[in-house]
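Below you'll find a set of structures to go through.
Across the two complexes that follow, chain A remains constant while its partner is chain B and subsequently chain C.
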Partner chain A sequence: MQQVIRICNKELKDYFISPIAYIVISIFLLVTGWFFFTTFFYYNQADLRNFFNLLPITFSFLIPAVTMRLFSEELNVGSYEMLLTLPVTFKDILLGKFLAGVLFVAAALVPTFSYPIFIAFMGQLEWGPVAGGYLGALLLGASFVAVGLFASSLTRNQIIAFIVGMAICFTLTLIDKMLFFFPGSLLGVIGYLGADFHFQNIAKGIIDSRDIVYFLSVVFIGLYGTHLVMQEKN
Partner chain B sequence: MIHIENLSKYYKDLCAVDQINLDIKKGEILGLLGPNGAGKTTTLRMLTGYFMPTSGTIRVKDYQLDENLLEIKKLMGYLPESAPLYHSMLVYDYLDYVAGLRGLDKNKKISRIRQLVDLCGLDEIMHRSISELSKGLNQRVGLAHAMMDDPEILILDEPTSGLDPNQIAEIREIIRHIGEEKTVILSTHILSEVEATCDRVVIIDKGKIVANDRMENLKQSAGQTHFIHLDILRANFQDVHDRLSGIDGVAEIEKINEKPNGPLSVKVACKSASDLRETVYHAIKQTDWVLIEFHQETKTLETIFRELTEED
Partner chain C sequence: MGKQKPYAKYIKLFIYLVIIVLINVAGITLFFRMDLTSNRLYSISEASKKVVSTLSEPLTIDVFFTKNLPAPYNNTERYLHDLLEEYAIHANKYFNYRFYDVSPEAEGINPSAQENQKLARNYGIHPVQSKI
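Here is the complex of A and B:
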């Protein structure tokens, strides 16, 4: 466990010492802030629903950009060989990197706490859906980080890793909006695969075990896939 | 210390390492020698647990590689070829990170990093970014990485590749120094490196071990035959051949090259370990040829290496 924390620490330091963290977080805040507040006053409703509606799409761009380097860079430079021959297991490396990604997403979400605080001054804000929304955002972020890690393990090229990661995250987000393409018998299954569907459930403030199980499964599948890919490489 | 049995590695259909058996004793400096693509790096990677062998077993002390990988990693320090370090980190941060992963506690960390800084000469660069380092400095940081935990076994993959002669001498000095107490395995395709640093040589070619012996024995087994090199002006090869082949003990006379108006280069192979220089000199003195180069060569590691790894 200590090794996981050390690796996570190192990855986080890498993000915050280099400009990546600041660029990505500012873009995230600009995009979400702009889209949320331009329409916020029309609706005249004190809630964060629009902010959370937008989150899955923003995350599908943002998170692969954050995770693309985690394995690709190591494979490209060759430092993976030095890392893996230190007394660490592959599990330590994987969990450390995953945790660093999740903490990064959390760090990007922290400044947005100012939105509900700001709104609470102006009207009656219901805190239940807000808390649910942030929990959901973290779960959604974690599953996209796992997907991004998987994409990153596939290739040495960070750009390919980004595009593959984004494609998968995007599909997960939008698949339940495209149900009319699929035969009727599959609708239930495919609807269930949509990340947005589960996220919006939680963001309404309803904590359903099915939604939690969905996100945890995506995390597990992503991490396990990464494990298989990296094992295959050696 | 290390026991390798029937070790093989296939990349799809390509056989990189083929049924290698090897024992390495404690306190030995072993040189792994071979042409490019012979399987040196693959062997070392399997030894460090980075690659899984296709078949065969590796035991280090009492540990089996596939069962106690973590224990074995703790015993080993490994420097991969060209030392791929994290480019974005500072040298100090990197060493600190490695020390942490190696499980050194806070006080030990600082004193150990100090020692390594002295040993590898890193004083000046501790607060520079790794991406700014020259090849030689990068290699030295890599060496510090490998030696962080004062490991019992040190594995170095081409530790001197790409360095300038001064740096090579420095790195060799460090390796010899470590080799006094530790087991060192180093791979290289530079022969003089092995001669300068290693106790034992293993020559690998096309995934197979073709020689495995102490340095002195290897040279002895080559028969200690001498060659005499002659550069002669104003002579043609036929005359030289006739004159020298009469000498007792000469096995073969070979023309190396001949330039018009330039010297004729001849290589005379001697039959036994006997020294023919005096007789050859007297034989030439009687003619009006001008001898401008005259030296004797013993069969070196280089010739042994070439014979063993030559393409058929």
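Here is the complex of A and C:
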């Protein structure tokens, strides 16, 4: 456990020492703020639903960009071999990096608290759905981080890792909008695979056990896939 | 890291995948929903749940709504979507709902809008003017 925390700390330090984290977070804020507030007054409702609705799309760009370096860089620079000689297991490395990614997503979400605070001044804001939405956003972020980690472990090239991760996240986000391509008997199954489909409930302010199970499954599959790839590379 | 048989880990992966799929399938029938809104906006009553889950004949709800209305009507439309979805979650296979676009400005672009309007008129639903 200590190793996990140590690796997580190291990765977080790497993020926040360089200006990259601040640039990524401010661009994320700018984009979500812009898209949220352009439709906010059109609906004239004091809620954050439109903001949460946006998150699957913005996260599928943001998170692969954050996670792309986690393994690729180590493989490329050659520090990965050194890491393996240290007394850490694959699981420690994996969980440490995963945790760092999730904490980064949480850090990106913290400045957006200013939206509900701002809205609370303008109208009666319900805090229940907002809290649920943020928890759900963290779950969504965690599942995308797992996918991004998997993409990053596949290759030593960060750009390829980014594009692969983005492609998977984007497919998960958009697959429930593309149902007309699939035969009728598969509609339910394919729709269930969509991350956006599950996140809609959370954005509304409903916690459904199926959505939680889905996101945890994606996290598990992503992490287990990464674990397999790492074993293969060894 | 003991020397495993090369295919052993793939079998393990496969078993894990099957377990995950089974958990998800079980989750579809055994689920709970928690409504976080203070006045339970998205919850339907027990009586409604019972009615829609014991339908014995097909029930189709047709909704005629103009698209892209200004607030507060766009919210009404979205809320109607949410509510019908909530019914669909608790209903059996006989429950269906469908939204028809009857926007007057879409007539030129969307040829079905005019037919939808005709359909609505046949049901005895006439367009309502409202001022905001």
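Everything below uses one rule, namely that the second predicted complex is superposed on the first by the 234 of 234 C-alpha atoms of A that agree within 3 Å, B and C clash if a C-alpha of one lies under 4 Å from a C-alpha of the other, contacts with A are read in each partner's own complex, and residues count from 1 in each chain.
Just so it is clear, contacts are C-beta pairs under 8 Å (C-beta built on N, C-alpha and C of every residue); 3 or more make two chains touch, one makes a residue touch a chain.
These numbers were taken from a predicted model, which means no experiment stands behind them.
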item: Partner chain(s) touched by A:207 [first = chain B, second = chain C, both, neither]; value: second
item: Chain touching more of chain A, residue-wise (chain B, chain C); value: C
item: Partner chain in contact with A:234 - chain B first, chain C second, else both or neither; value: both
item: Touched partner set for A:17, first chain B, second chain C, both or neither; value: first
item: Which superposed partner A:180 touches (first chain B, second chain C, both, neither); value: neither
item: Which of chain B and chain C A:77 touches, first, second, both or neither; value: first
item: Touched partner set for A:43, first chain B, second chain C, both or neither; value: second
item: First, second, both or neither for A:121, with chain B first and chain C second; value: neither
item: First (chain B), second (chain C), both or neither touched by A:129; value: second
item: Residues of chain A contacting chain B in one complex and chain C in the other; value: 234
item: Contact footprint of chain C on chain A as seen in their complex; value: 42-45, 126, 128-129, 131-132, 192, 201, 204-210, 213-214, 217, 220-221, 224, 228, 231, 234
item: Contacting residues of chain C [partner chain A, same complex]; value: 1, 9, 13, 16-17, 20, 23-24, 27-28, 30-38, 41-42, 70-72, 74-75, 82
item: Of all residues in chain B, those that touch chain A in their complex; value: 45, 48-52, 69-70, 73-74, 76, 78, 80, 82-89, 93, 97-98, 100-103, 142, 145
item: In the complex with chain B, residue positions of chain A that touch it; value: 3, 6-7, 10, 13-14, 17-18, 77-79, 81-82, 84-89, 234
